[in-house]
Amino acid sequence: MSLQFLVDGLLTGSMIGLGAIGVTLTYSILRFSNFAHGDFMAWGAYATLVVVGAIGAMFGKVAPIGALSFGWPLIIAVIIGCALTGLMALLLDFVLFSRLREKGQAIIVVMASFGASMALRSLLEFIFTSRPTYFSRAIQIAMPVGFGIRVTPDQIALLVLTVLLVSATHLLMTRTHIGRSMQAVSQNPALARVVGIDVARVVRATWLLGGALACVAGVMVGILVQIRPLMGFDMLLPMFAAAILGGIGSVPGAVLGGLIIGLAEAAAVQFIGAEWRAAVSFVILMAVLFVRPIGLFGRRER
Amino acid sequence: MIDLIGYGAFFLTTALIFSLISLGLNLQWGLTGLFNVGVAGFVAIGAYVSALLTTPHDAARFGGFELPILAGWLGAMLVAGVAAAITGFATLRLKSDYLAITTFGVAVVVQLVALNAQSLTGGAFGIGFIPRPFAALAETPLLFNLSNVAIVAAVTLVAYLALQHLSKSPWGRVLKALREDERAAISLGKSARFYRVQAFAVGGALMGLAGAVQAHFIGFIAPDNYAPMLTFQVWVMLIVGGSGSNIGAIVGSILVWAIWAGSGALTATLFAPEQQARAASLQIVAIGVMLCLILLFRPNGLFGNMTQRRRIRLGQRKPS
Amino acid sequence: MSEPVLEVRDLVAGYEPGVPIVRGASIRVDRGEIVVVLGPNGAGKSSFIKAIAGLVPVSAGRVMLDGRDITAVPAHKMVGMGLAFVPQTENIFPLMSVEDNLKTAGGILKPREAAERIARMYETFPDLKAFRRVSAGNLSGGQRQMLAVARALIVDPKLLVLDEPSAGLSPKFVSMVFSMLSDIRKSGVTILLVEQNAKAALAIGDRAYVLVEGKDAHEGVASRLWDDPVVAELYLGQRPHAPRGGDA
């Protein structure tokens, strides 16, 4: 038995976890499950790709950093991509979600996000076609690290990046005023206003953070697998399952849920067959809903 | 002229099958307020069940039981209804979003099974040789098409009348009451959930029936027919027609299918063959934007009568 | 006559347009006073102070705080204006620690200032210091009320507004909460509160208003109001039948 699937599982889990943070925050603060969140990932990946292309056009070919498959242009591009994805989420909220929220029917917002998801994804297909593309076509050599496991430099870098981003998000949520404000709004929006918290500002912060993390997750998929318009939509069910498994509203829960689902998917690929991968998150989701609907770190619904 | 009638019959048959799905969705959403994002999954279950029950025996896969078409349709309703009941049972005690996410997952898994469980579903190539009603008339296409419309119209009419009756019955009034008042629903507890599971199951059964009817109309099914796009189309149809109205579900389906088919034909003539895939995605963008615009500016659609539910504003709750 | 901290003139307010719950109520609160608003159930007491705090839409009338017009200022800006509001129930964030609860109110302060104020609150309320790392949901009813009041005081408000601080508390905690309010007033904070528990509130209040059908029907010195025949008929007479709480 090869333990290689552990690495694949951790990487898939990282991408799912980063995306699930956005899902869980949107759910707990804005009170709806955003079906367009997967498409934020895809838009983030394509935005980053475009910026990489623009940097390439301006500065010519740039050598990759060390053994990695990418150089500084991608790093700059991800940062810009995060900002763009966050802004896109804000824009979507401004023209669509916030107006429907005003009307007060939560489930209509879910439906609108479903429509927006379809439109966003098809727009990508229109602009970039449905053919997959890549950040780099270079083949990386995987290094053996013992126990029959091999990892590429890219994989190591992205795992480290995930750890950094998750820690930073956790610190933001627990140690800063905006993070505490986000917690406060998710627990009791009316009281949050009384205490002096500007709910509109918290909503903006939520979109920016969720969009930025979705962009990073999308770029990770792009580096390790490929970029295509459906990439985010295919991650939607695993992200929802991770958010629910971890307990809605919990950032560490979302990440842990993502890792569990990633590892379970990788195990399923190894022991059952790659074609059944997509069913794993559904099985886990149903199990959670039957056994412990509040999830691992969940708190009782108010 | 004959061509035109033939095309009209074909168009109407497809539109009426969509109407049937929309009617099922209207029972779930319009009457009961249950959000189903996995419509395509329940339609697929119906199509596959009926195909397995009625096709000739096939050594390469499970079944082929050569049962009569009507038995296939009943089986389709039964299995799709049970699948919906299980989904509802698992999620209806939780917040409404969980039902949405779970149904979405159902559709993903159903498509996965259709694609990969070759010995059951024929895999990516799907199932062919599905018996068609009035196959004997296939020699005269016009008569064949018209008889198809007639039977689909009859099924839709029966479903419509049954749903009209249901929504006016005490059962339907309870569902509406539950939809209007979340608190009443919670205070009714288990029995409220039971009502909702029933509505969700009946809606799912209708979707299964629609899938079966369509399978026998086309004679061939494959996993691609049941992509999330189908769910999306049906939602647009119901919202355009107006949630809560059965007549709206039917009219909305015909109207949106006309727009869909018309704009499809338009892109086919306007764009070069290599550009058509892109043009088709633009068509989906337009429909997606349309859905959002209707939700924003005309949430009741053409015939809708779904009253506003209790307002819950972010950060501005009423005192208890 | 001393200067008013709060002056409310002919306030009309309600959740739905055209359906006012508060129908032209006027009060004033002078610096250093404790003013109590009493009234039978359904008189609109709760809506009245929520309207003052920006939580219920105001359709007419004016609210002046320290000479500034704060009518229809959004609720989250009230703290910055110097008005701190303590809701009746669900007035803490149960899943956050006591310390984080206090910090949520420090948004308008500089971090250092906020830390100093929190330290001062711990001096005033040693119970809170002992539980600073505990989730607020684990506190007792009286401690929750204490936390809610401490959080309101973090910003050094000109006026502290409380909606039924004794609601749902056991008699032991009721007297604790009222003696706490009395102490807070001694430290120079002006207080406006709505109460069902008229006797306890009048015992610590300076003046009181009686609100009937959304209007101020009677005003008087707190200590003498209890024996006032008008009040007895308007309010106290109806009291035995009135269920607690649930006042819109």
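A few points about this structure:
In this document, chain identifiers A, B and C correspond to the written order of the chains, with residue numbering beginning at 1 in each.
Here is the rule we go by: a residue touches a chain if its C-beta (ideal position, glycine included) is under 8 Å from a C-beta of that chain, and two chains touch if they have at least 3 such contacts.
Remember, it's a predicted structure, so these values are computed and weren't measured experimentally.
Fewest steps needed to get from subunit A to subunit C, stepping only to touching chains, is 1. Nearest to the common centre of all protein CA atoms is the CA centroid of chain A. Ranked by separation of Cα centres from subunit C, the top chain is B.
Separation between the centroids of subunit A and subunit C, computed from CA atoms only, is 43 Å.
Distance between chain centres (mean CA atoms), subunit A to subunit B: 30 Å. We define each chain's centre as the mean of its Cα atoms; on that basis subunit B and subunit C are separated by 54 Å. Among the residues of subunit B, those in touch with two or more other chains are 316. Annotation for subunit C: residues 55 touch two or more other chains. Those residues of subunit A in touch with two or more other chains are numbered 190, 192-193, 199. Per the touch definition, subunit B reaches subunit A in the complex via residues 33, 35, 37, 90-91, 93-98, 100-102, 104-106, 108-109, 112, 115-116, 228-229, 232, 235-236, 239, 277-278, 281-282, 284-285, 287-289, 291-292, 295-296, 299, 308-317. For subunit A in complex with subunit C, the touching residues are 174, 177, 180-181, 183-184, 187-188, 190-199, 299. On the side of subunit A, the complex with subunit B involves touching residues 27, 30-33, 35, 96, 99-108, 110-112, 114-120, 122-123, 125-126, 129-130, 185, 189-190, 192-193, 199, 203, 233, 236-237, 240-241, 244, 273, 275-276, 278-279, 281-282, 285-286, 289-290, 293, 301.
Chain contact summary for the complex, subunit C toward subunit A: residues 53, 55, 74-80, 85, 87, 90-96, 100, 103-108, 151, 155.
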